[in-house]
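First the structure, then my questions, so here it is.
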C-alpha cells in the first residue's frame, strides 16, 4: 500500500524561537497518527509543514521515497480539515465539497455522484443545498471532512477538528471519525491537545512538547509506559508520589515498593511513582506491606458513572481513586477515616523529571 | 400518590406572572428609550427634511400646487443631464473599481504597519480642498500642461491630447477624489478575510490565481459592493469637479439643483429634482443589493 | 403654506439678528460677494460713504441671491444692505425681497434707466470683453465678436462662459446684430449662433479664475472674459490683449433688505454710494471697473491713461452694449436651460 511518509529533521525557527526542533517521524500507510501536545508545542506548525503552508528552515519529507517538501501546497494532494473548518462562505455545502473535484477537472454526473457520496459518508446529504452559514458547528465539521476526503487524498490532515464542539458531540464525532478511517483507510495525521481523544482515535500517538516529539507509541504504550514525567502528566488523571531508591530497592513512604521495571535513572535522579485513580485498590491483603499506601479519606464524590475518592497522604499530598458504582453506596470508605491502598506491581510506573 | 411540585403555600402557578410581565415590558421600555435620542436625531435631520422636500416639490414659485416641477424634467436638458449624471457616476465607479481593487488587495496583504503607512497616501486627497485638487489636474492635463508637454518633448505625440475639458478630464478628476471611498471599505473587508481560506483553497488544489479568483474575490465582494455603492452615490452629488474639468460640457444633476436654488430661487423645482434623484438612487441601490446580496452570503450557490 | 414653510426654514438666524438690532442704530451691515472685489468696493465706495453719514459699517459676505433670500425670509435679516450682480437684484426685486429705494434721498440722475430700479440701484460696472493671445494672432487680432465667430479668418481655440448672461448678447453681436438692437434678446437667433461656434469652443469656463488660467496658459487662443480678470493675466506678463469693442457692460448693485431695522440710514448710505463724488473714486482705485453714475466723469478730471482703462469712460462705453438685468431676471430659467442644453454633449 502506498503512502509511506518519512519526515526527517524538520527545523523551523521563528526568530530565536524554535517551533520545530529537528522533528523526525515515520508514518505508515493507512495509519491514524495523532500529534498530541499542549498548546504552543508546535503541532500546527508541523501539520502546516506537511500541508505546505509553512516553509521549514531545513529537513526533508518524502512520500514513498519521493521528496515532497518542495511541492507547492496545491500540488500536494492532501486533504485537510482546518481548526475552524474554513468552509467557503460564498458557496453552498454542495459547492464546497465539489470544489476540490472541480479543480481536478471532474464535472457533470461524476462530480455529483462523488459529492453525494462524500456527503453521504458524513451524513450530510440532506443539507447539500444549504449555505454554510446556516449550519451548526457539528454540521460544518462534517462538511469540512467531506471536502477533505472527496478527492480521495493520499493523506488526510486534521488540526484539532473537534475542539469547537461540545463534549457530547465531540465524543460522537470521534467515533464517526474512527469508523470513517476504518472504512477508507486513508493515512491520517491528526492534531489534538485532548489526550482522551488521542487515545480513542489513534493507531499511534506522537507526544509533542517544545517543538520535539518526546514519545511516539501506541495508545497503551503512551498510557502505560510514559517515558517521562511530562508524558505521564499529560495523559490521564495523573498524580505523582516521590520514591526513594536505596540499596534494598525502591521505597514509598518508607515501605518497600516492588516495581514492574527496575529504576534505570541516572544517579542522583529521583524517580516519581505515577498513580492513576483507576489503578488503585483499597481491598487487599492487610499483611502485604509492599506497594501499600496508608492515607486518610478526605472526600467522596458521586459522579454518576463512578465514585471519586480523594485521600490525603501523611505528607499532605493528595491522591484520587475511582470506584465503580455497582455496589451502590455500600462499602465506601468513610470520610476522615484512615484507608489502606494497594498498587499492583504491573501498574507501578516510575518516571524521571526528564528523559 | 401525587407529586406536589408547587411549593406549599403558593396557591396557583400564575403567581407572579403579571409582575414578571410588567417587569419585562418595563425593561423593554428602558432599552427602547436608549435608542430615542438616535431616533429623534434621524427623524429631525433625515426623515423630516426629506419629507419636507417631497412636499415642497409639489408647489410652484409662488406657492400654488402644481406638477410643473416634475413635468419640467421632460425637457431635453434635464433628460440629458440625468443620463449624463448616471453615466459619469457609473464610469467613475468602474474606473475606481479597476484601480482601487488592486491597491486594496496589495494593502491587505502587507503587514498592518506598512499598510497603515501606505494608507496615508490613499487618504491624502482628503487633505486638500476639492478646488485645489481640481486646478492641479487642470495644470497637469491641459493642452499646455505637464503631461502633454512631456509627451510632445519625448516625441510620443505631435499634437496635444485632449485630456481635460471633456468627459475624460472629469473622470480622472473624480476618480482621484473618489478612490479612497472605494479603497477604505474594500480594504477593511479584505483584511477581515482570514488567510486560512486561501490555504484551504490551495489545499483543495487551487493554484494561487485560482484561489484568488474563486475564493478571495467572491469573499471580498461585500466590501467591494459597499465601496461601489458609496462611490456611486457620492458621484451623483458632485458638481465642482465635473464643471471645471469637463470644460462646462459635462452636466450633472446636482448643478441643476444648485441653479434652481441659487439662481432661480425655485425651491419647488429644486426639491423635485432632489426627490427624483433620491428615488432613482434608492431604486438603483435596492436592485444592486438584490443582485449582489451585499448583506450576506446566505443561500448563495 | 409657502410662507409658513419658508419662515420655518430660517428661525435659527433670528438669534444672530437679535444681536444686530441691539447695536447702535447707525451701525449698518453690508454683505457682498466677498473676495478681492468686495475689499476694493469697500475701500472705494462703502467705507467713505459710511463715514460721510457717520455710520459704523460692518461687512459680511454671501454667495449670491439664495443667501439674501434666506436672510429676508427669516423675517429679521442680519444684513441691511446687499451688494449683488444686477440680474440678482432684479430677481430679488421680483420676489419682493427688498425695501424700495427712496429716490427723495437717493439721487439717481446719471445712472442708466434700466439699472435705477424701484427696489435697487447699480453701484458699479464691469465688462465682458474679447481677449486673445498675441502670440497666436500677432498684428492681425480679432477686432470684435464677428471676428470671434469667423473661424476661417481666425482659426483657433475659443472659450466662453457656462453662464448665459452676456454670452447670449455676445452671440447676437457675433451674428451681426447691431449693438442697439441687441435687446430684447432674440434667444432663438442667439442660440443658433452659439450652435455655429460651438465646435470651436474648447472650454466653457465655470469661474473667473479658470477663465484667466485658460488664456494665461495658452489653453485657448481667444475668449470672452471679465475685464477685471484680464488685467491680472496681462500683469503676469502673458502675451494677451483685449478690446472694449463690442464688450458687454454689466452692473453691480445694492438693495436694502426687507425687514432691515436701519432702512433710513441705509437709504443715506446708498445715496452716497451712487453719488458722483464717491463714484468718481472707482476709475482710479479699481482699474477695469467703472462707475455706474455717468456724472462721475464730470465730477473729476481723469488722466488719459485712466480713461482708456476704465470700462465705463464715455469713450469706452460708447463701444459697448449695456446689459439689461430686468430682461435677464424675467427669462433666466428658460434661457439657462436652453443654453446649458446647447453646451452639454
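Chains: A, B and C, in written order; residue numbering restarts at 1 for each.
One rule holds in what follows: a residue touches a chain if its C-beta (ideal position, glycine included) is under 8 Å from a C-beta of that chain, and two chains touch if they have at least 3 such contacts.
Keep in mind that what you see is a predicted model, and the values were worked out from it rather than measured.
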**OP:** Mind having a look at which chain is the central one, using mean CA positions?
**Re:** B
Original post:
Using C-alpha centroids, which chain lies at the maximum separation from chain C?
Top reply: A
Subject >> Chain centre separation in whole Å, for chain B relative to chain A (CA means) >> reply: 52
Subject >> Chain centre separation (chain B, chain C; CA means) in Å >> reply: 39
Original post:
How many Å are there between the centre of chain A and the centre of chain C, using C-alpha atoms for each centre?
Top reply: 89
**OP:** Flag every residue of chain A that touches chain B in the complex, lowest number first.
**Re:** 51-53, 72-80, 82, 84, 86-92, 94-95, 99-100, 103-104, 129, 131, 133-134, 147-148, 151
Original post:
Where on chain B is chain A touching in the complex?
Top reply: 194, 196-197, 199-208, 210-211, 214-215, 218-219, 221, 296-301
**OP:** Would you mind writing out the residues of chain B in touch with chain C in their complex?
**Re:** 52, 55-56, 59, 62-63, 75-78, 80-81, 84, 135, 138-139, 142-145, 165, 167, 243-244, 247-251, 259-266
Original post:
In the complex formed with chain B, which residues of chain C make contact?
Top reply: 1-3, 5, 63-66, 69, 91, 95, 157, 161-162, 202-207, 209-210, 213, 217-219, 332-333, 336-338, 340-341, 343-345
